[in-house]
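Below are two complexes that have chain A in common, paired first with chain B and then with chain C.
For the complex of A and B:
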């Protein structure tokens, strides 16, 4: 196969791919930028709310925050909500009671572009 | 008949069939692109985002563009007693055609010059590739892919070694993050390794086949901040991934049995939709290059940068 023919085929394929791709919805990734409590921090008062800021806007109906003890027991949380002025901020109230110890926040979100990401981070409560 | 000889026999006898198959696959992909789609794919396994490394290809499948990819080094001593300057300016485009399947194309322009000598300039052989992500484990941050890389003979400059024959390189790609280490080793969790294992099979029996392993060791500051501990470091630092890449090759036959390669320490700055990487290249032997070289690359995640344009063409395969 000659180089010119190869290039022609590939360029045609790319053009067609772009044309087809342009008719579809988007994908992008929402990663954790920062959190409250801070990732890996030690807090002296039990947090009343878990707040995470992501690198993309997220769909609140398909985004969640969970809190677990070091032993894997889930702590009760209220429903997650986005900040009305900033859709990259997702937060959820802690309704359960926290004892001193290590905790793990697990989050999973759907970006407004329909791409799912998830992650987890620790913090400690030491009154 | 050994496996090597049998593969060579197949490549030579069925070269046209391979090309026809590739074209048919491409046409099928385009037709299937009309079908409804679902979207997901990137170099992500759980909390881990593997960056696009410069020399050792990562296990990800994504729609992405490397432009430019530039390298410079001084070659080994030539017949005139010079260490020629070797410069390569290249580009690679990868297109996700299904959530776990990508095809790619790359090429590069070379300059080989030395004082008092006539320079040699020209293009590399055109390289096309296909890669399929067949395993993802979010909990243990593991990705595995398999692919085929084809250097198409006759598409590059003969003065730079293109003898008109092709090379077929089946390759296994892997990535493993260390996020599943115990909490007592928390500061080691941002480490990750990626690597490739490939066997380059020369179409021409007079050219040597090569075993081409490669490995990278990387420490992700974004991972440290988002999954281990936020130290309030400057934002620039929180986007850095220090990395060491070690691409290697050894001949398997035709009298070529010596190892070659480089050790490349450097860093990658990873933003949301693009990344930039720069590495030094340290030769493993004097036959690889003279002294320290440098390589750099600007890389764009097209499916994030222009999401309305780029997403998988087909549904799940």
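For the complex of A and C:
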């Protein structure tokens, strides 16, 4: 193999490595990263606020958090707001009263790249 | 709704790239001497005429795009005709922050150009160029270009703006080049003007292609992330189709530069290479349209990296 051909193959490999080398930068759309109360956790005090951290900044005007009982009854929540210092954090106050039992948090958000995502997770309240 | 959005995105991208690229063309591709003054005036008039229609198309597609976003963001099928929803999109989202002043500029530009055309004023290219730069670069902040957290937002935005502007130089410039070659076909100094324009366009086009290539690599790093994602996601596959169209454009540009231009200069009868050149530039324009169509679709798809995570 000639020197120039070796050079060409090496330079192409470098370009391909740069192009396709695996990396772990931010995800484009907003997915759930972590939440308070924690996903699937058991809490002993009723949460006053539901807080979710997403993998992308979200538009608060089109982002919501809802709370439901295991029977599907919706618990009253205040309007969602983003953390002023971190637009990936969305939280909403729980204004309704929680009895002991299983709950499901349902969230739907609009990321700043104008795509909608949604999800849900459970937690239990056992005083 | 997605198909409508892809179509509106296509019209928007094409229109603003034509505004920018075609109005930049006279600044680098035309000789400033007296012999080609007639040609320069004609190209400026052509640019102004094209810009009027392009700005109208950009305005209509921008309004339609806003309506689509109102529906998609709110999840309400009637969102496009609800004033409160439209206002929330415009006032409370990053998309709206950019769209507000884009709409204002797109409203003023056709009024200004239409007035000049009706009054038969001397063609004025620089306002079209300035608007074109703003309209193309600002598209970087809409959609996937806005993703990221902290420094990566600015890095991605800057890179996307360079990518779009470089593409605009080429895509829009092709239209003015095509017109220049056609217009000067029978002129006494036709071959000289064509040669000059082609040489300058080749040079500027080469720089644009390099910028497209490098910024495209960086964009892929942001949005695709791995070879696996490139092969196994719709986003990755559409991106590969787009790159294939882009490579066809590059191949035609190389063919023009290395094969047709020397023949144009040396042939006693330039008619044959000229006809070939016109066809080649037309084919390049078709591939440019296909590249922009692919871009319009990519913006509505979840980036490959997301799919691999889900």
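Everything that follows uses one rule, which is that the second predicted complex is superposed on the first by the 99 of 127 C-alpha atoms of A that agree within 3 Å, B and C clash if a C-alpha of one lies under 4 Å from a C-alpha of the other, contacts with A are read in each partner's own complex, and residues count from 1 in each chain.
The criterion applied here is as follows: a residue touches a chain if its C-beta (ideal position, glycine included) is under 8 Å from a C-beta of that chain, and two chains touch if they have at least 3 such contacts.
Note that the structure is predicted; figures quoted are calculated from it, not measured.
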item	value
Chain B versus chain C as contact partner of A:53, first or second or both or neither	neither
Touching partner for A:61 - first (chain B), second (chain C), both, neither	second
Comparison of chain B and chain C by chain A residues contacted	B
Chain B versus chain C as contact partner of A:91, first or second or both or neither	neither
Which superposed partner A:69 touches (first chain B, second chain C, both, neither)	neither
Touched partner set for A:114, first chain B, second chain C, both or neither	both
Touching partner for A:36 - first (chain B), second (chain C), both, neither	neither
Partner chain in contact with A:122 - chain B first, chain C second, else both or neither	first
Intersection of chain A interface sets (partners chain B, chain C)	18, 20-22, 25-29, 31, 56, 113-116
Touching residues on chain A, where the partner in the complex is chain B	1-3, 6-7, 9-10, 13-14, 16-18, 20-22, 24-29, 31-35, 38-41, 55-56, 102, 113-122
Footprint of chain C on chain A - complex, ascending	15, 18-23, 25-29, 31, 56-57, 59-62, 88, 108, 110-116
Parts of chain C lying in touch with chain A, wherever the complex brings them together	69, 72-75, 88-89, 92-95, 142-149, 152, 217, 220-227, 230, 302-303, 305-306, 309-310
Contact footprint of chain A on chain B as seen in their complex	19, 23, 26, 29-30, 33-34, 37, 39-40, 42, 44, 46-47, 49, 93, 95, 97, 105, 126, 128, 138, 152, 154-155, 183, 186, 222, 225-230, 272, 303-304, 307-311, 313
